[in-house]
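Two complexes, one shared chain (chain A), two partners (chain B, chain C).
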Partner chain A sequence: MTRIRFQQSLDELKEQLLVMAGLAEQAIQRAIEAYRVRDLSICDLVSRSELAINRLERDIDQAALDLLAMEQPMAIDLRFILSVIKINADLERVGDSAKAISDRVRNMEQMAIVDLPVDIPRMASLAADMVRKSLQSFIEGDAELARSVLAMDDAVDAMNRGAYKSLTEVMEQQGHLAPQALNALMICRALERVADHATNISEDVIFWVQGTDVRHHKSVTGGRDPHALA
Partner chain B sequence: MGVGIEVTNLNAWYGTNHTLQDINLNIPANHATALIGPSGCGKSTFVRCLNRMHETNPIARVTGTVRIGDLDIYNDCKPVEIRRRVGMVFQRPNPFPTMSIYDNVAAGLKLNGYSNHHVLDEIVERSLKNSALWDEVKDDLKKKSGASLSGGQQQRLCIARALAVDPEVLLMDEPASALDPVSTSKIEDLIFQLKSQYTIVIVTHNMQQAARVAEKTGFFLNGRMVEFDSTHKIFTNPSDKRTEDYITGRFG
Partner chain C sequence: MTRIRFQQSLDELKEQLLVMAGLAEQAIQRAIEAYRVRDLSICDLVSRSELAINRLERDIDQAALDLLAMEQPMAIDLRFILSVIKINADLERVGDSAKAISDRVRNMEQMAIVDLPVDIPRMASLAADMVRKSLQSFIEGDAELARSVLAMDDAVDAMNRGAYKSLTEVMEQQGHLAPQALNALMICRALERVADHATNISEDVIFWVQGTDVRHHKSVTGGRDPHALA
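Take a look at the complex of A and B:
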């Protein structure tokens, strides 16, 4: 094998992204836990991890840029580096979403805990599962696992639409619950964004592994990708 | 204008060494086609079969069919006729060192019987313009020798010499591998311009160069054509694992 140093650099880039992935996944799990138990100390942890995620995002982009400039990668290596750059951005936004959720939890601190017609723990579990599987597909280079994540996004979208409908009804009909309903709505929105980022990561894994662009359910050839979801 | 090249069951030998095996390929007219592959894979032998240079080696042999346009070059004509229709540029610029710039370009024409000075002047000027060298040498055409030019200028002079006989196909065997980045860039720009008028086949070890100048790329390995496809496909998502391993530097 030639280009040993280049291969080592690609391995190092992957390891850096896995560290980033670990932080982002942990941040979203912590934010969900902070909501569940209403614990502000966990919110502090989310804020701190966001700083680390932002720093790592810059480091990974720089490392990827260096490889593009210095090594002129081709084919699967080129696709890998492009995917890393895009996944890196999605992970940073997962961190942002975690921060957004923890901000809502802080906002709810002085509010009474009320029973709202929305199952945030279930939605959170599904979004976190999508993140976990999308990252697992990246670790293993498993395009089929990545495709299974795409199928999960519709369920999260449907839950978000349902939450919007039921929570706006609460706001209209029970005005005194509007602050809690608004916070819950924003948390649902953040979770829906997390699921979207997991979808993006999965699409990037498929592009890296198979060279197929399945974004918007289309292949790069312009025709419908036979593997894409209906 | 350029013409297409149709290669059918091409095999070539050096002595007992079977250097090209069952090559089948259609090279489109008025496009640049790049040939890549590790050293010794047969890509230079292949281009030398396209103008019957391979057979100039006494121990070399060729079978199969090569059609350039409507001409079956191994059956319908003599090698000298082919070389008028198929120009070639080599790795190292090889101007005639004692001849002036003008005579270097006119040499092929004179060999083909051209003697009218007005016609020669016109073709030399057009060829030097087409090779993007005219502005740099127009004041010294008959004063300076070809050898007095820089390496990049010498290579463009050789391209002008090849263009002067009005070929349909231009073969380039690593034309920029001995040049600095600025000269390389000029040659690449030139290839980009020339392909509208000529069919260009370029052998290169520089894969970025292939990606920059060619619409089609063929990957040779061990005397066989492993993959031939659009350059975009070859360099972003090749079909054959061997192609991918080569262009990503995992061997070669």
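Take a look at the complex of A and C:
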């Protein structure tokens, strides 16, 4: 393969990953819309997206593996391909989270819609924003932008902890609302995971661009371990 | 690097991953022990393990990257190194799950110990068994054993769904037990994720040994998507 042809293959791999990212982001938006208007037909769309995402994940992995096997790339190209493999896995899990949210919406179908002390659309918008920015940092190879995503994760974690606290109180004081409160809490957990995946993607971008592994370096974000569960 | 030296490096990488696996498995066992006897000093051990796991994850990733960069391995060696990178990430997340469980135990410190309709030690033992078997399949390059782990995941998923149902009922009927029930439910979720990671590891072993990507092929396990959230 010539250098030009190899560069084209890298560009194609990047394009495929961007398609994957678009599907994952759309799946999250649809899942939250399904929650907002309690529409099961949107849940069906999310299920179909998840299948498409899973197929694409396999294709991208195979393409990356083929490039590694045939081209034996060095340095920054090697780090780029490894980043694609890792980002690919994170995007697939964003799709899983969207599916998890839509499963919760299905679960709530027979339940009365009640007012709960949690702003899920706001949390969703922040998490989706992180995914979008992490992908933008990947497109532009912008480590600064990637670092700004790491900082956003603290806000989502704080929202998730707040939701946990306020929804637990609902369950304690109004037991009959426990099923709804629990579903809302699980949706918050799924969104917090989406934010974690955006964080992972940003770390992979920094690694690719700068050759620096920033995982678990708390000083980078000034906050909690980005991988910590709620 | 001679072929012999390269083979030694691959063996060293495998050894490092097994140390990582041992730490991850121990962290889960400790976290469940901390839950069983409500001992915060064991939670401290889990936190320390998690830090060690995070450090080792970086070291292993770097070693794998160095081998890829310097050796440009082909075919099965390439697939082996890529599998190490993926298994490494899954083991790190098993460590995260252990930490999440021990965080729940800390959260329960001030709460009365109550009898809940869920057998967490049994679920933990099954999840830990899956991790152990998936690693054994990795050590022995045994795709058959890896496939048997995929089948076990359905049992853990079923336990998690059962726990969700029975603990929701507790919350509905005995609101004052909601905080304990919710913590138990979060521990079940964390264990279900551990089982998912064992499933991922098994899929990576099959990929390494047979060059087959079995992800999302439901017919392999005869069951649900191994990545699905509860």
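Criterion: the second predicted complex is superposed on the first by the 215 of 230 C-alpha atoms of A that agree within 3 Å, B and C clash if a C-alpha of one lies under 4 Å from a C-alpha of the other, contacts with A are read in each partner's own complex, and residues count from 1 in each chain.
Everything that follows uses one rule, which is that a contact is a pair of C-beta atoms (placed from the backbone, for glycine too) under 8 Å apart; a residue touches a chain by one contact, two chains touch by 3 or more.
Note that the coordinates shown come from a computational prediction; the quantities given were computed from them, not determined experimentally.
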Does the superposition put A:Leu182 against chain B (first), chain C (second), both, or neither?
second
Scan A:Leu65 for contacts with chain B and chain C and give back first, second, both or neither.
second
Quick check for you: in the superposed arrangement, does A:Arg3 touch first (chain B), second (chain C), both or neither?
first
Partner chain in contact with A:Ser97 - chain B first, chain C second, else both or neither:
second
Taking the superposition as given, does A:Gly141 touch the first partner, chain B, the second, chain C, both, or neither?
neither
For A:Arg79, select first, second, both or neither according to whether it touches chain B, chain C, the two together, or no partner.
both
Comparing chain C with chain B, which touches more residues belonging to chain A?
C
Would you mind listing the overlap between the chain B footprint and the chain C footprint on chain A?
72, 74-75, 78-79
Residue positions on chain A within touch of chain B in the complex are 1-3, 6, 72-79, 211
Interfacial residue positions of chain C with respect to chain A in the complex:
51, 54-55, 57-58, 61-62, 65, 68-69, 72, 74-75, 78-79, 82, 85-86, 89, 92-93, 96-97, 99-100, 103, 168, 171-176, 178-179, 182, 185-186, 189-190, 213, 215-216, 225, 227-230
Any idea which chain B residues touch chain A in the complex?
207-208, 235-238, 243-244, 247-252
